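Here it is, the structure, as structure tokens.
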Amino acid sequence: MNETKARSDDMNVLLNGLWKENPVFVQVLGMCPTLAITNSVKNALAMGLSVIFVLVMSNALVAMVRKIVPKQVRIATYILIIATFVTMVDYIIKAVSIPLYKALGAFIALIVVNCIILGRAEAFASKNTVWKSILDGFGMGIGFTFALLCLGSVRELLGSGTLLGVNVLGSSFEPWVIFLLPSGGFLTLGAWLLLFGFWRERKMRIKADKEATS
Amino acid sequence: MSVSVRAIELNTSPHFKAATSTDAIMLNVVYALIPVCAFAVFTFGLSAFLLILTAPLACVLTEHFFCRIAGKESTVGDYSALITGILLALTLPPSLPLWMAAVGGFVSIALGKTLFGGLGQNPFNPALVGRAFLQAAFPVAITTWSPALWPSVWSTDRFSHVLLPTLSLPFMKAETAAGYIHPLSVDGFSGATPLTMMKFEHVNTSFSSLFFGMTPGSTGETSAFLILLCGAYLMYRKMMDWRIPVGVISSAFLLSALFYALAPDKYPPPFFTLCSGGMMLGAVFMASDMVGSPFTPRGVWIYATLIGAVTVTIRVLGGLPEGIMYAILLGNAMTPLINLYTQPRVYGTHRELRNK
Amino acid sequence: MSQTSLLFIFIDSFIINNIVLMVFLGICPFLGVSGKLDTAFRMGVAVIFVLLVSSSMTYGLNLLLIKWHAEYLRIISYIVVIAATVQLVEMFIKKSSPGLFRALGIYLPLITTNCCVLGVAMFQTFREYNFAQSMVFSLGSGMGFTLALVIMAGIREQLNLADVPSIAKGTGIALMVAGILSMAFMGFAGLGTL
Amino acid sequence: MWQFLGSGARKTFSHGVHPPESKELTQAKAIRRLPFAPEFIIPLSQHTGAPSRPIVREGQEVVRGEPIAEAGGFVSVPMHSPVSGVVKKIGLARDVRGGMSPAIFVRQYPGASQEILYGTHVDVDTMTPAEIVKAVQNTGVVGLGGAAFPTHVKLAVPEGKNVDTIIVNGCECEPYLTTDHRVMLERAGDMYEGIRIVKRAMGAERVIIGVEHNKLDAVERLRQCKPANLDVTIEIVEAKYPQGAEKMLAKALLNREVPSGKLPIDVGVAVFNVATLSQIGELLPRKQGLIERVVTVSGPAVQHPGNYLMALGTPLRFVLEQVGFSKTDAQLILGGPMMGTTVGSLDVPVTKGVTGILAFPRGDSRLARDEKVYACIKCGSCVQACPIHLNPSTLGLLARKQEFDTMVESFHLMDCFECGCCSYVCPSNIPLVQHFRVAKSVVRDRKASAS
Amino acid sequence: MTADVQQAVPPVKVDSGNSLHMVGVMTGVGTICGLLIVVVYQLTLPAIQHNQATIVRESVFEVIPKAQSQAILAVDDSGTLTQLESPEGTLPKLFAGYSHSGELLGVAIEGSGRGYADVIRVLYTYSPEKKAIIGFKVLDCRETPGLGDKIIADAAFQENFKELDVKLNAAGDAPANAVVTVKHGTKALPWQIDAISGATISSKAVGRILNDGARRFVPLIEKNLDMITKAGTK
């Protein structure tokens, strides 16, 4: 009984970041990498994995030290911890593939200032157990990656006619170059937000209708 | 005699109204554009005709569709969507695949207008939003030109044949560049507009060709003469603010005269600047869209000068042969700021008065 | 124009490769602080200020890192220096000019987590700019940021009076405007290269 | 410089509009007296300020020109009986806005001669300014230019203020109206007498008469009969609406701007309408009261348009019967088409502030009615029409969102004097002035309930 | 804050013990972080160096057809060449490629310049034997996909670099003819580059990069030909 409750609690923490409090679509945080590196699914995936790694690790470490860190240096400590893991990711990616490193550009380093990570350290990990914090980091990271993939897949599909580099739309498809350009990034994210807004509104309207009839 | 009045109307002052109304203004702009369209069809043939049919149709349908979705009365009756469509078509190359023109029309209205709340509320010129989208999405197709089919080619074939890319299948690649001119077999067409020839080869085009529109270019931009004439009609009817075209044209003239004076062999002469590319169409019909332009007396001049100057800067120093579209969009973007900082001084709020 | 000339670096960072609209740095404040013109302008000024100070600090820091062969500490040391700089700037302004502090004060802490500060520092390092180039680059970037922010704020203030559909209100419409602005800024591409 | 080229260096203000004037219908028609109606309605609140207090009983007999109500305070005036007859009742009468307000009903004696038996001669030259103010109040004269503000209040220059220039307003910028025009042509002598009195009362140095350039015959006439001992300048100003508004006139003639929220007197100016002055000049030396005024009756639905001298209190129905009015579907306007009010009932009387009665058949092309309202297309026509240099476009958008505070603080809503130029030009048919009236009253109510 | 709430919250003590604790924690966290970074740095260093070297090596082999071995030469400001072991340092570098038998096949030169969107970096080969550029590869480019990025793979464009004439003038201090990019379809001379239609700007940028490089390095290579040839045998 108690155990199932705990498990569903864990599940909630995990799913929270994925959907209800999706960092990109709902909280509108971490916009720069979201827009800058999503012109292909591969980049989006790499960035997503990097952020998951940094989020989970930094959340874990922050939760570990949360009781001993004095209030005055809290933020400084968090930034230090985050920067450490970002540096690690930076080197790991370089070791894996230089072209990938080039494609992601300075945006790996910029994970340091990604508001999502500092935000989760501050809002969640500093108040919760290590396990919960890891789950939260993972959930948020997955949510972020999900958003990146939403953008990346649309932009790659329409912009190059491919997905993960594989030609999907056929060779005579005319690619819409704009989706690979900066403005296409803004427009695609804007379009997703509009779509979610539309869904939300429709759900609310249906709910209101139901209430009215009952 | 006894007076009896059955229905007396209660109304608030003023009880008089000036005669012009918004739909009348819009309708007159449509009238003013008809000669330009007709000339485009005459110059470029059937493809231009289909283009001028497709883009407005897409715009009007999109507007109607979104009004229906929002549960509002359809606003296609104010003719503004029609203008957007016609102007969009006039800024596209005649051989553009029709499906791309339809995409452009949809984007113009959906992204450029409806999203901001419809007529009058759009910060940017909808037709140019559509064109900028197409330019960024299909940069090759939108810089593929076909020759003006008069006065050198008098064959009437152009009215019965379409240029090959026009009927490309939706979302499919346009026919290859080689096939563009094929059905009309024009000799010696280099596929360049006067602007690209000037920019990349420093080749000048004769004044009369430019002024009367015997050059390749976007469907409706070629005849400076006709555009000025039709613009003059609107200005005469007081349905267009004359200050904007005058401001754009004169600032472009002055700046390009300056460049020309500095290096006549490198930069185009000022009259070339005015009559080539989309300068005239943009200055007369697009910069003057009051929705995206400032309404303060000083603001109008600032806006117009900015557009003229940015256009010449992009043409002369930039990477692209043409810049009027970007210049107008930037002018639109600056409009709220310009309006704010050029608010006229309200009567009775003189600084000296306030100190009293 | 030479691509390393100061004028070119300035124009490039100011409008051609505008840091917000083309490079995608500083998007969060661009979306978050562009509701009001007045606030936007102050935020912009604060960012220019912090950029100039922090990029001169990181320029010196980078020289030390190279000398000590400790490039692997770049990210961590940059962010620490930037955070400290912002703190110092805040304290300095508070002491020296209470008026300016009142105007800019609340924006300064936000800037620490604004990625354009770290981003500019990183870019100037990757591009191996010398000191003058770095300063011009950060000035141009800061002004580009301010330009984009102020234009956006002007448009958003105007849109407050428009009938924007409810599903698009807020971030959605801001992103769409940003997309159109980004298209408009594409016109400057290649400026000064032909 | 542009003004110089455009309008031959005529003095004027910037912005404003040129509605079709249509004055030719009545401008050549001499003032004619309208017959007395069988019954008169004299509202106690025909002027701005406190209502008058009746001093007659029901059933009492009154003589033409006899006071029937006294001033209800300093900013108020007495009323005089327009006819010889009997007070039928003192009760509620329909007013222009469709509501009811207190009035004195007087029934005419059909056989009465209607001679004015009231009044004595007084020597104005021996009166002190304070005595003149009192005497003007006793005549019951209020601003006949339309605002009906008690004239003696304007004459009483407060301590510490000084009026150096008196402006006589002969602009009559509203379309159709020609009463001031006729007054200047036919009653110039009385008007000069009024000017002399007012000048003495206020101790002003200078008098300027401003007349629009569409009334050059009036200018000619005024020049001819100008008394030699009276120093008056006559200036021609451009015919443009709202040239007659006192703020615009001060700007055009003296290049002085009345500061926002202040009165003309704060820049040393007082403005009087020509009809107001001619009444003072006529009534004050005889110690009589204001009982009639000149009204232009015009419009396409009127058979005999003209300038009629009417006893105050004449019901509209009677006026229309006399001038020939046959339509059953019409719009009736009291005042001019730009600022006047429509009336909802024919039982409304002619009052001191009524300058004209206009009748238009339904569907007249000039009328603003039933037009489709479009969204504001930011054309800026309104911005270029507003004489106060406000921004009606943005004000209109703000009003739609009920952002009243922004309207007041950033866009000077309270400086709008409701001239209607913005609504007149708006191609999208947005009822801008109406929005501003509502906004202003909301703001005033809020302020009142806050204090 | 009301008085009783203030009493309820114990005032934060800023005594020396607290700040000692602060410094302690920061040092602790700092140490852990530093350790982590150094460990990762050490672990990934060989792989990164290997990757970098491989990329350069492979690119060089790509632009020098049939080359089997290579030598790296740094050029300093005075124009002297020194052989390097690995492609490090900030000096401009030349990469000489040799056949199986040690014969010099070509010298790869790196160049960069501003294109349409951003800087374009390229690697190209000068063949002392043919006195021409015989190989070309784009290392880095952010040109518009579909337009400018055709310079990477467009076959017709690559055709330009099969043998692009850069032979030296009589004095031997500069190429006899400047490399120029001409409009698509108008190439007539061996030192001209035929532009890609629709990407004239990017094509011109490539022409400029090659011309600048040729002016600087071709005379240098010709002067030091012996030394370069020998470098292969080391």
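Here are some notes:
By written order: A, B, C, D and E. Residues from 1 in each chain.
Rule of thumb we're sticking to: a residue touches a chain if its C-beta (ideal position, glycine included) is under 8 Å from a C-beta of that chain, and two chains touch if they have at least 3 such contacts.
Treat the numbers as computed from the prediction; the structure is a model and nothing was measured.
Under the touch definition stated at the top, subunit D and subunit E share these contacting partners: B, C. Farthest chain from subunit B, judged by C-alpha centroids: D. Taking the mean of C-alpha positions as each chain's centre, the chain lying farthest from the centre of subunit E is D. Separating the centre of subunit C from that of subunit E, both taken as means of CA atoms, is a distance of 28 Å. Averaged Cα coordinates give subunit C a centre that lies 60 Å from the centre of subunit D.
Subunit A and subunit E have CA centres that are 33 Å apart. Separation between the centroids of subunit A and subunit D, computed from CA atoms only, is 70 Å.
Under the contact definition stated at the top, the residues of subunit D that touch 2 or more other chains are 375, 394. Among the residues of subunit C, those in touch with two or more other chains are 72-73, 76, 162-163, 168, 173, 176, 179-180, 183, 186, 189-190, 193-194.
Touching two or more other chains at once are residues 111, 117-118, 121, 133, 136, 139, 319 of subunit B. If you check each pair of chains against the touch rule, the ones that pass are A-B, A-C, A-E, B-C, B-D, B-E, C-D, C-E. On the side of subunit E, the complex with subunit C involves touching residues 33, 37-38, 41, 90, 113-119, 201, 204-205.
Of all the residues in subunit B, the ones that touch subunit A in their complex are 111, 133, 136-139, 141, 171-174. Only residues 160-163 of subunit C touch subunit D when the two sit together in their complex. Of all residues in subunit B, only 1-25, 78, 117-121, 241, 290-297, 300, 339, 343-350, 353-354, 356 touch subunit D in the complex they form. Per the touch definition, subunit A reaches subunit B in the complex via residues 172-174, 176-179, 181, 183-184, 187.
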